[in-house]
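First the structure, then my questions, so here it is.
The letters A, B and C name the chains in turn, as written, and every chain counts its residues from 1.
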């Protein structure tokens, strides 16, 4: 027999103004199973909660209904109160008579009658509630960080410094990401590598960080607290344990004319190479598509030269398994390909800018390499076609961004700032040069950002034209840039020596396959989806997987670092205990009655149901059945609807409860 | 081979030289142009400035007539005409406006025919076949191929060639043994219908086009549009006078050049009817 | 209460916790008023909303039912609403066939940001339902029309030519121990033969109507060992579905296919498959049944030509004859759950009484549980001692599955089952 207590709240005047709380409390006191019914002005306050605790004890209640605001507001509050009084927190329900009653109706009689109905529903639900215990899942107290850019590095260091082991997987031969290739960063004009490389070294030397470079995530199995990751270590053809990084091999390699990926083809590299001198790990890699030995068994000079005998042409990809409890995805970005080839049918590039046709039309990352002190031209801004120093450089913003017709509709956030930076760096290097910037708007909302842009204009003389560029052609070695100055109302034609396009930021290649392996969501552009844009910006809807950096949305370095630390703190919350507790309102299957049709298995959005067998203690086969993995189930209840025998049920919203609620409305 | 032929206002009128060129050249390639019976105006620029439905109904009528005549392919030498016909096909695709337009033009529109511009006609014949038929390779021709505004745009209607950096006309001329140049005004506006209404505009734009072609080494310009031809050929003398420059660029219809390569004479092709007949 | 004698409709709303419930909360926080007639039942996801809850809502007296959740793509559980949408596409067709007043059943997507939409939707539904009046037509009597019935053709049972070959083959199978039991047709009903010498009991006539695949699910048969089963082309489709649903392993069964000329059942007039496609051994020459003198009347079209009210009255008359014998369930090969939902008593989701309401509840559940699974063997209609036109409901849902998803149960083993999967392109013109 139930002993339910009903606690009706006045919520000050919010409920009481429209609903006759006294009357309600009186009416519901006679519902079957109700032991006591009280009301109070502010149920969620200290005295209110104390009242709940007191009644639980004195009336020996086995169920509580709080008739007040939305469960989304205070269900956790009252569950904690009940638990403090020794009542299982899952025997508490809330009747929403504020947001869904008193605030939306004006007729006192009707609102009061509705409030009674709502409470009656909740009483029926609570009568069929079962005491549930949070599910305990063991935790492997290690984290995986996918991506070794600045966000991945920050997250890895935070987690490792807190005392947990971190496995970092980076696709390129070295960590550092895009930031390692930048020249100076806004708004401080810090040398990018100077501030990053110490962090990179820290990662490389950290006792608790295991770095898999030149590797990718091959497969992900398991669930929060218990992930099993398969990592593919791509063949370097160099034994990193023996190699000392002396550089004899790449000096002697005869095949030196391969476009360097790190320099975005602004410079060349040999077939055996280290992407940049400060690489971590500082060990070379052989590109199997270019190496003469690997292609046709020729050359082999590097092997002959290597005193450490570290070259291994027989190297192969290796698959390695790592067990971790949580994952942080920090895979970063790439720039929109302004030329013709696209990976999505609805993108078409910008043929009118002549990128790919004219050598001196480059994108922003290529410009960074040209001005970088350790870049292919040693920081001297030599334009690609003939190495001349450009005297007129045109910077075009929003190439691909904010373009519903041909590109991507979103703003890439960082380009206004880095374009101003480019204009300033250019002026610092070419004192008699003139920077021209074509822009749509200036987005400089960060700390010191607007002042930074003004410096570019006022101190470094950059000319800003509010307008777009319609076409770039080449005449007599000069790039003819035709655009508009909409503030002056005139067309503008500039004869430029170099054009830099601020291409849109997109998530890195392969993001969709990775997201599917991890079972996390992504939007139509490939950016990974957070759990809630305001309140849970680093979590995903898959428990245990967090995101940080540009893989989530375009963002700059300060934000990436902040988000990485945020993700790291979420990881630490999870790894702090030996066990994870999960909400127990999940599905359960009555294995005796399950017809083993396995419709639930294919339906479950989280692949949380497995096919298994029931056997006797001696191993004799009894029957097959479906079984819910309590570590994976998120409690949507879709399996319940598709189950023909109704063997699947959802704790907290059982068939019994829901039907009781409906019948209560008769 | 027979194909449907929609001349539009220009080809019988002020650009009759284009029609002569087409009939000679395509005739030599054994293509008979069957003019659509009772065709009407395609709407050009006037209709869509006034009334969107009118701008669809007019070419829809022509489409209906072509379908009535049983033409699977319709060649419209003027890119505005061909674009209008493609626009109507797109509007009725997926049944969008099919019922309504069918009612207006009093015919059951199918929209399943192929609309061809001049370059596409040559592509349909096949560039290899054309090359094999060349009798006199165009060794002295270094052409700047001028596409104008409508051969490749709007890209979502026309779906022809790369709309920023087209190369289809160059391919045809290469098969004829001619040289072509890379230049900067392939798809820039020539002033279009401003020829009479705002001659200054046309002269300025034509000047830019012609001098850029010359600057990049071309000795003539190839076009596939009667309007482009008028602005660059008929107005060339005025351009020379206004800017005090000798340009002397012959503006060839693409069919002129193909015809010459096939061994036809300039008179047969009507090249002597142009305003600028020699450099 | 407002003025007396104004009808106040009762609206039951099943909403998902993360979108619509929060949307309703938002309506509250922004003080958007709406009529107080709705009662909300909060569930975690629309995926959880079983079709029977809609029926239950009406059973307890709701005048309108609303089901609402997250917009496609926004589901908090990623895909629950896609599954729900697919379910509703089929269920709505069933409700239409049964004659439910579809104006009283509403589906919407309302997000957590759409407080205004919640207000508008509830206000509209309340006012529309008020105009429609109380749902007194539910399961109500009426002047029920009858459907045209084909005059039964005169029939003479005769043994067919392949019978001796069939017996010999089964004899061999049992004698060599290839199978342990043969499920075939006997003189009167099925013959379950375990000894080679008994294969003389097996017959093959033009009246072998049973779908013998239903016996493959029985514990007693399974306990005997590897079976052989005699199937006609229509029965064979059941095997495809059973394997798809993990009830049988094709390699563990010896399938004996019989080319069929028709067995005198109404389904034979629509038959297009003459020979089994996946049998281990086939007997007989494929010919068709004799074409009837006049094409059989399209009962489904005749049913849908009635008004919803007339349809419901028709079904009320049909279902009144039901005595809950569950012969339809026993004979159906695809009803294999050992504990059927009608046997579940916590909760009693389906009223077990053979009352008007209880019979509707059972028939709806049976029909919908077979949605996009039924292969049209027609055994249910044949087995029903009360002569209820059960196959007609199955035909309706089969047509719905074909029209909406291009799916024909039992035909293509590789085709993805309809319920349990979803497509981003599933139509939602009925969802607000």
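Methods note: contacts are C-beta pairs under 8 Å (C-beta built on N, C-alpha and C of every residue); 3 or more make two chains touch, one makes a residue touch a chain.
Keep in mind it's a predicted model, so treat the numbers as computed, not measured.
Q: Which one chain sits nearest the middle, judging by mean Cα positions?
A: Taking the mean of C-alpha atoms per chain, the most central one is A.
Q: Sort the other chains by how far their Cα centres are from that of chain A and give me the top one.
A: Comparing chain centres, B lies farthest from chain A.
Q: Return the distance between the CA-based centres of chain A and chain B, expressed in whole Å.
A: 52
Q: So what's the Cα centroid distance for chain B and chain C, whole Å?
A: The mean C-alpha positions of chain B and chain C differ by 62 Å.
Q: Approximately how many whole Å separate the CA-defined centres of chain A and chain C?
A: From the centre of chain A to the centre of chain C is 43 Å.
Q: Would you tell me which residues of chain A are touching chain B in their complex?
A: Answer in residue numbers: 340, 348, 350-352, 354, 357, 471, 473-475, 480.
Q: Once bound in the complex, which stretches of chain A touch chain C?
A: Residues 70-72, 96, 98-101, 103-107, 109-111, 113-114, 117-118, 121, 521, 541, 585, 592-593, 595-600, 602-603, 605-606, 611, 624, 634-638, 640-642, 644-647, 650, 653, 655-656, 658-663, 665-666.
Q: Report the residues of chain C in contact with chain A in the complex, numbered from low to high.
A: Going through chain C, the ones touching chain A are 1-2, 10, 12, 21-22, 24-29, 31-36, 39-45, 47-51, 53, 56-57, 60-62, 75-80, 83-84, 87, 119, 245-247, 336-341, 344, 346-349, 369, 417, 419-421.
Q: Sort out for me which residues of chain B touch chain A in the complex.
A: Touch list, chain B to chain A: 155, 162-165, 184-185, 188, 212, 215.
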